[in-house]
């Protein structure tokens, strides 16, 4: 059984349906979803990790980095589109009170300001919950900004479609399970890490980045997140264009472990976009193997042919 | 006249009162507050920039980085403490519906889970609005998680005090005005920048950090934020331990401008904690001046004394 | 009056004749030649700096770096060709004793081993002195390895021509005068520096190289030379592809002065090969100027147009 | 049987006697000595590698780097002291013609200029040969600058002792044999390498140095030497404070092999000065082992205890 960040009708639900049509269990928060894996209620859960408009999803990043260890095994990308949905019968000009999730609010702010200048906008727990709220005939809210599926689910009218200020927003979701052997490398993989810098090392971020650069490992995301121990104390959440079993990433991981003290491996998994990394000269598995063989012969000259 | 992220009773309000007891105008969103400066409704506004628990305040970071240029002239630090406030007469065991801002929810999640296991938690627009909502006798909400001042403002009982899961949380606010000449260096200053990496430069983040490191400029905050142009496209929001007029920062700013293409200066201002930076050998204003004088004599030998 | 590393008939003499046909004064050692400038006996002297086969000329490098300051104003490149010269009447098979300068010996070693297997090779002070020695009928030496001009000067027969093991050897000479204003930039210049690393900085060489790399200044020669204070104590003799007045080199020189403590400027002068440097994005004089102007406007907003 | 750079009476001979009192074979040049190992005439030879006054010994560096592969197994340090030696009966004031090796000339230049202002100085093949020459009653040379042992060997009078301009000069010799398994690590070892930079990589020297720095391997000597393929083409001769079998050096060697294309291992051997390297945090063998074990468990979770 899989789980997901619910309720039904959220974008996460929609993303889950893209690869899993069987029954799945919604959870009302990222933390509850992740804990459900830890408690073995479900095998894996789908949760949002980042959004091209709003950045990283803090709850997911922080819980994965600091909670009991879990592992990402898959990523899913979803184009984010918002509809403005109302109870049947509501007229556009009558809309006064709109409800949605803060991220959806942020991404439709301009549209609403221009098209509904008299409306106020309330931020609630999810776009699906907003749709459900509006479906209640007694609700003080006239309209919800939500996913198309949520409007359908709750029998609302789509009084305006695709109202995002920046069409082309994408949300990235990850499927998270218990730690185990990662999926095999495909040649187009990502690895997610959380790295705590040793506090007593100035220039530690630079040093960390050099560990990647030195082995030709490209970063595709890096975010600093507070460690919650005070302003100025951060950890870094990082995605790289390599599988943990790729030689360049193996060596990087070991180098980070030696230098940084603590490095948290959060999974290696196929890229949803199937892009293959450009691997510079000296950084391919073949190059690492050749160097290893060269070294063995070097220090064991009697074994030379 | 100053403005702030309202409504009355928010932590921002409380932070404003720490240095400004005169009348001030609340705005209902960060963007409205910042736009009020741009529209010359108020001279400056106080808005939150980051929180030791939740990280950067995206709305502030993104609007400062991409909107019409503004300038930070002051920072304020505030210890964040939450109270659980109820309408007079409500008993602890009767609390079923709690409302607060998502950040306050995140920071009291464990306390509420342990002490109010049967209660549901709704996330609304601000802690002050939550307190106001609860003060309404008809509200379906029984309790608000809010600042002490908000409880007082709306006549609520503080049924539990200081309920944050991690006592010691701090929020950092900034006073933002129109661009102008920065406040003079004090020897204990910060500078805030937003830097867009040129997309066609791999290793650009490393290169950017080297610009700081090479001139002995320490970073105290670095956050990647999406440019909203698609996953994988970021800008960096950065605070450094130097004033823009300190020689090491002058040269760094010019170096970044040359190498990075676009660099946005968001202000230099005194540090609220009065900590003075450790300046390494070769990086003081005196060292820069000595090098300049040495060079002038070097290439103008006839001017040597 | 110019001087050069003599005696007459040396490669240095030949290099001098390539741009100066008037009278010139030979000196019997590099040090005597350089001191003749310091003593104002001559205006400038031509001395060898490096050779594509043997590397840097230690006497020149060390005396320029540690003696009373002088300045390079010109470089000259000369293809090095050696002839085997004998007294008229000597037959090839009778050659038993050959004399030449150690560098010439090194560069014709294989030819002599193959063609004169029975001959011994003595290393003397210069190829010209070797030719002069051989021209003495009483000399015990039968043949000299020398420049063609030396054979001619002393009336010897060229019993074999162009006997260098590696044809294509090049020696680089520099014209050295008293410190003064360097020749104006031509767009194809070199600058010569000597840099002493601060002994208490591990990684100081890396740090020094980063100063160049950070400003897009390419090195064309770097040699470590002992400071004569014990094994493990070195200074670096460096040529770069830039004029000291090029903006990227101005900033590099000042950066080195701040970080490294001691940096010795030994001259900027046109490249003999007229190659123009590739200047990366952000490193041209125009880029430096644009950054400077941007900064001035930034911190003096009232001066903006 | 061992060999050495002869003739008898050289500093190399003196250095050899410090650890080997049995018969040994002198060779008249570094190249002949090294070739005698390649031809299996002798097991190993002692040759000079560098001198604290004159820097690297080019013939040794270049032949080791470009000739058929050999391996250094030992280093010997010798304080260099020069005597001025004359035929018995020669008076100080009669000395007109002095002969010595160019390096000895360079290191006694000032003493001779001050004490023998009327004498000329001829540079010959070795200090021992100079002593032998002077011992010939028919020689035109009156005095030799040589090692004390050479004066004794050829029955000369030590008319002045310890005449070096800089007392405290040290020469470093290496014992060179055929490639084989290196001597075991002692905790105080050096490794000698020759590294050719790929010509098509700008910044290649910086990149090479980062390979060492990243793994905490300190350099104690780096010299650029021409590849003899034209001005501007260099290889680097390097000594580091680590044994090739130390984990930090193993990884560095493999990294250099991958990135640089060609790297020549010239031996790991105990340091003559017994200094132990300071090994930074994360760079000890124990740290490398811990990282390796951590990684194995990470990707083979089922093997966890």
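Details
Per-chain residue numbering starts at 1, and chain names A, B, C and D are given in the order in which the chains are listed.
Throughout what follows, a contact is a pair of C-beta atoms (placed from the backbone, for glycine too) under 8 Å apart; a residue touches a chain by one contact, two chains touch by 3 or more.
Note that the coordinates shown come from a computational prediction; the quantities given were computed from them, not determined experimentally.
The chains touching subunit C as well as subunit D do not exist; no chain touches both.
Averaged Cα coordinates give subunit B a centre that lies 59 Å from the centre of subunit D.
Note on chain placement: the centre of subunit B and the centre of subunit C lie 57 Å apart, centres being C-alpha means. If you average the CA atoms of subunit A and of subunit B, the two centres end up 24 Å from each other.
Residues of subunit D found to touch two or more other chains are 210. In terms of which chains touch, the assembly is arranged as a closed ring, every chain touching its two neighbours and no others. Subunit C makes touch with subunit B in their complex at residues 179-182, 210-211, 214, 244-245, 250-251, 253-255, 257-259, 265, 281-283, 287-288, 290-292, 294-295, 298-302. Of all residues in subunit C, only 31, 50-55, 58-59, 77, 102, 106, 109, 122-125, 166, 168-170, 172, 202-203, 205-206, 209-210, 213, 218-226, 228-234 touch subunit D in the complex they form.
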